[in-house]
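When the chains are written out, they are named A, B, C and D in that same order, and each has its own residue count from 1.
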Amino acid sequence: MTKLLRMGLAGGGPGSFIGAVHVMAAQLDRRIVLAGGVFSRDPVKSAEGAAHYGVKSWTSIDAMLSSGEVDFVCVATPNDSHFAIAQKALTSGVHVMSDKPATLTLAEAKSLRDVVRATGKQYGLTHTYTGYPLVREARQLVADGVLGRVRKIVVEYSQGWLTEAVSNKQADWRTDPSRSGLGGCSGDIGTHAFQLAEFVSGLTATELYADLGKVVPGRALDDDCNILLRYDNGARGVLIASQIAAGDRNGLRLRVYGEKGGLDWRQELPNTLTLNRHDGPTEVRHAGSSYLLPVAQAGTRLPAGHPKAMSRPSLIFTRISPIRSPRARLPWS
Amino acid sequence: MTKLLRMGLAGGGPGSFIGAVHVMAAQLDRRIVLAGGVFSRDPVKSAEGAAHYGVKSWTSIDAMLSSGEVDFVCVATPNDSHFAIAQKALTSGVHVMSDKPATLTLAEAKSLRDVVRATGKQYGLTHTYTGYPLVREARQLVADGVLGRVRKIVVEYSQGWLTEAVSNKQADWRTDPSRSGLGGCSGDIGTHAFQLAEFVSGLTATELYADLGKVVPGRALDDDCNILLRYDNGARGVLIASQIAAGDRNGLRLRVYGEKGGLDWRQELPNTLTLNRHDGPTEVRHAGSSYLLPVAQAGTRLPAGHPKAMSRPSLIFTRISPIRSPRARLPWS
Amino acid sequence: MTKLLRMGLAGGGPGSFIGAVHVMAAQLDRRIVLAGGVFSRDPVKSAEGAAHYGVKSWTSIDAMLSSGEVDFVCVATPNDSHFAIAQKALTSGVHVMSDKPATLTLAEAKSLRDVVRATGKQYGLTHTYTGYPLVREARQLVADGVLGRVRKIVVEYSQGWLTEAVSNKQADWRTDPSRSGLGGCSGDIGTHAFQLAEFVSGLTATELYADLGKVVPGRALDDDCNILLRYDNGARGVLIASQIAAGDRNGLRLRVYGEKGGLDWRQELPNTLTLNRHDGPTEVRHAGSSYLLPVAQAGTRLPAGHPKAMSRPSLIFTRISPIRSPRARLPWS
Amino acid sequence: MTKLLRMGLAGGGPGSFIGAVHVMAAQLDRRIVLAGGVFSRDPVKSAEGAAHYGVKSWTSIDAMLSSGEVDFVCVATPNDSHFAIAQKALTSGVHVMSDKPATLTLAEAKSLRDVVRATGKQYGLTHTYTGYPLVREARQLVADGVLGRVRKIVVEYSQGWLTEAVSNKQADWRTDPSRSGLGGCSGDIGTHAFQLAEFVSGLTATELYADLGKVVPGRALDDDCNILLRYDNGARGVLIASQIAAGDRNGLRLRVYGEKGGLDWRQELPNTLTLNRHDGPTEVRHAGSSYLLPVAQAGTRLPAGHPKAMSRPSLIFTRISPIRSPRARLPWS
């Protein structure tokens, strides 16, 4: 019997969206077990969370980290505490899997990088969409030169759920600068789009020109982002992210164009990847198929045509070092 | 802390497809825990299965049932043992969640019905596709009269994976009459299509005319099925199922037409339901949306636009009684 | 300057749907000119039709045929007069392009075949959907063996416009046995589906089992058809046609499955052809692309991505001889 | 019999793409007849064009305009002669239907405006995509307030045909500044996207920030455009146009988001219009349906589900006055 990794959850109590997702995802492959958590800053709510999951709760992050009962901490709190919890965990010898953003400022990010290097512990950010088999396939196709040199990237993340002024647990912290940090839509979903484009293309953004809007009256953070980019090989990019795209649901889409063809992937149809060849028929690849590249096979649990569960989305450990520095690449900085 | 249901798995050892699916699904909501299982008739393989899941294995079904450590047994063995295991479990006071088919013959099915009634235990069949939120929505829309009287049903389940003569664990038992029973494609996936049509329409098939083919040379069971049906309200139906539809993946699709419009649902795009109205624009409903009917809301874990995990597909307990009797409605009988 | 073919129109007066389509289509390539017509049995309406098109009208079919001013007649009248007009034209030395059905009975069809042979004139039926570039491509791919031996055909033609009892020029003659003949839905659109399947597959249907319904109360002809077929190479087929598929528009779709893959074409998305390969990615071909086969190139006027005009749909001259005889292949006979 | 408008064609000779399209479109409704043309600057080629169409050719634009045989001239020449031909025609008392761009510079455009006003003749630009029934529907839905205030527009026009350095009649003049003017991709298709966004939204662009690229080595004009916009009501916009989007065909797509929902229309699927409502199911409208608004009904010739011919695309007369002046709104100026 393989030894299970023991996960401690920070956040994820009653009303949380992502906490339950992390717990489900963590257990999919029976490699990780939820040992317990600090499910809320409020001890009563934390106890409720523990009861919901049938595990123990600690009264503080410090108590959890020093218990010796968790191998890594999964940070699912609002943005403002990500850095502090991660720093504590790493210096306590506990690995970290953190929701993005890693920190609220560039200075903190550099500091975190130094802690990671000094402690030698693992640190990962849950850029969940990179876990899809066909995103892996796309990345490998680009790396293999199937598109030739990449010339253009169009990435969108379009949601409509903040079209009106709303108040609920999910909306409140995301629109509150004191908990969310400098970025609203840009930080919440623009970062996913930004990271996905770099992940698949293998390029690094070096310049950008952004038009960030606070569209809904009274909103303190951006809820609509339109950004022109340049990548390190000279390719142009467009990043469109919105939370006021009324009627849209979770429209993350990436298109990468090269000299020989273009790739098109949509999160709402995640199990197909379209490869438009410049000089031939369009090719559509399906998750779960035997013709996929090994990187895509590795992330698949079910045969083709079966909607996939989350494909290990929240548990992809990626070393953060080196954190790249150009200020320009952080839309909200 | 809610008391967890303890599940014992019958089957699902190394190389199994559905066993792992059941285990993942069972644990999604943290209401069920895998207590252990008899993962294979071969004790070595069974032990391997237990090690994989980090649980115990019993040496026989009888031992598992009499252990007092399982509240229900999940039957994921090849078809020929479904009935015997279910019967044993029920008479041992253990509830049953069985893969379909319930039995290999109608006589056995009637006998099973009697056992269910006599023991008063729960018995469910994993007609998994009925667990999708939008299948529930569709059923309710029909029940609410949105389509008017149902006049026509077209249901398809089209796969291509048995296009050629292949030999592997999945293919072997499904094409072997001694383990699969009388139905090949008809029993394996035709039944899903058949059941889905009845489930959503609320109708019962009363007559059918079937053209079952053994297309691949040497195949002992049907691999292609084309069936005309009549339902109890006079509606006509067409059921198309195939495992030699080369290039298709898992193409389950249901269309129900009534006097006022038609519903269209596809398993490969399970989170949208299309309602074509006779006298107005087409309407597309999205899983996770607040405007859905309560039955659909109940089966949803994530907001709109996020691919859903399996929606508790394999754990929908439905009483089997009464098993309806007309021989005509069992395509393989 | 190329000599233009002079077309005489029979039918197609005020309120006609197909007359105007034929006139537009005939002129697309400037190879044909509308010389005039007998636009209605009613001389006043015929004159109205002539005025609409800016051409002359004759007072009778005989007058038109003997005028020496038409090279061919385009027969766009209700079904009951197709045969008589065609026979007259052929024996007058005038070529014929007729709407389907060629005749109302098999005996008439055989008689028509004899007239075609005796006169040596051209006779064509407007099976319009065979004119699409990608239908031509599909046919050639099958002929080239890309699918291997054809094993299964699923063809559908699903409309909803006769969901209710309606009365208008289009509906009235189609639901009236005295003008439409023995077939309602089967003759009006089932024939298109039937012919398309044979055209693309290169196979001939030899047996069928049909369930034709008169679903709307009071309807005298079938409005819903569900048919199982066998083709001359042993392949199975399913033909579904309906005019009471509420909410559907003009859903003609053809799927052909062989040993190596399957083709999928939809009339509502006519400029893409999907080729699902058994052992590789799906391939999507686009009308207007340079990689298409010559037969598809020949039928294209615009570059890829521009919706195509009608692709000369109604003017594909095909010799009718030999009219194949098996009664079984005429769904309405 | 209605008097037909006599059209004279400038350009459109052998090898022309758009000339033949204009001729087909002009004749669809039998309101216009091609009287003749000056099909090329080369008299031999012009005569070839005339022979192809079966009409006369004139030896010069002046001769055509003074012949008294044309009511309007259709200008289908390369961009550099649009202005001169239009000016001559208007002052000769002949109406003008011109391909875009109207002129090569803003100064010429203002001068043209003055000529239109002084002569009182009709002048139209063939912004062809505004002729689609569902584009009309979309515009009316916005005007009717169905979306509420418009907040965001995303418009794309993505082609891949200039992915490589190519030389042919279509490519040559479009990539040659002396014939095409200052704009490459921006002028050729960016203008369509720009105009479509204003046409449907009813808004006027007031500011823009453009990143125009000459991606293919040696190209003299832009072949990739990425533009951020602001509209007169404060709405943000993104315009993406490209001719190096390898593998794309003719991907014109418009999304308009307001306070209550969003519209989505794609030129490659022109007969559906998607209306995503913020608080309800998605609505899909189909061309040819009786529930459409009168503006959409007016532009439709065929019932729903039949691919539409060109919907009078090239013959929509729109007064040019007033030409709006802000330099900012001309991407290529």
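Throughout what follows, a contact is a pair of C-beta atoms (placed from the backbone, for glycine too) under 8 Å apart; a residue touches a chain by one contact, two chains touch by 3 or more.
Since the structure is predicted, the reported quantities are computational estimates derived from the model, not experimental observations.
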Identity of the chain that, by mean CA position, is farthest from subunit B: D
Turning angle required so that subunit A lies on subunit B, C-alpha fit (0 to 180°, nearest 5): 180
Pair joined by more contacting C-beta pairs (A-C or B-C): B-C
Rounded Å distance, subunit C centre to subunit D centre (Cα mean): 34
Inter-chain centre distance, subunit A versus subunit C - centres from mean C-alpha coordinates, in Å: 53
Separation of subunit B from subunit C, taking each centre as the mean of its C-alpha atoms, in whole Å: 41
Junction residues of subunit B - those touching two or more other chains: 248, 275, 282, 286, 289
Subunit C - residues contacting subunit D, complex: 1-2, 4, 17, 20-21, 23-24, 27-28, 30, 51-54, 159, 161, 248-251, 267-271, 286, 288-289, 301-310
Complex interface listing, subunit B residues touching subunit C: 147, 151-152, 154, 156, 160, 163-164, 209, 211, 213, 215, 224, 226, 228, 236-238, 240, 242, 244-248, 255, 257-262, 275-278, 282
Sites on subunit B touched by subunit D in the complex: 275, 279-286, 289-291
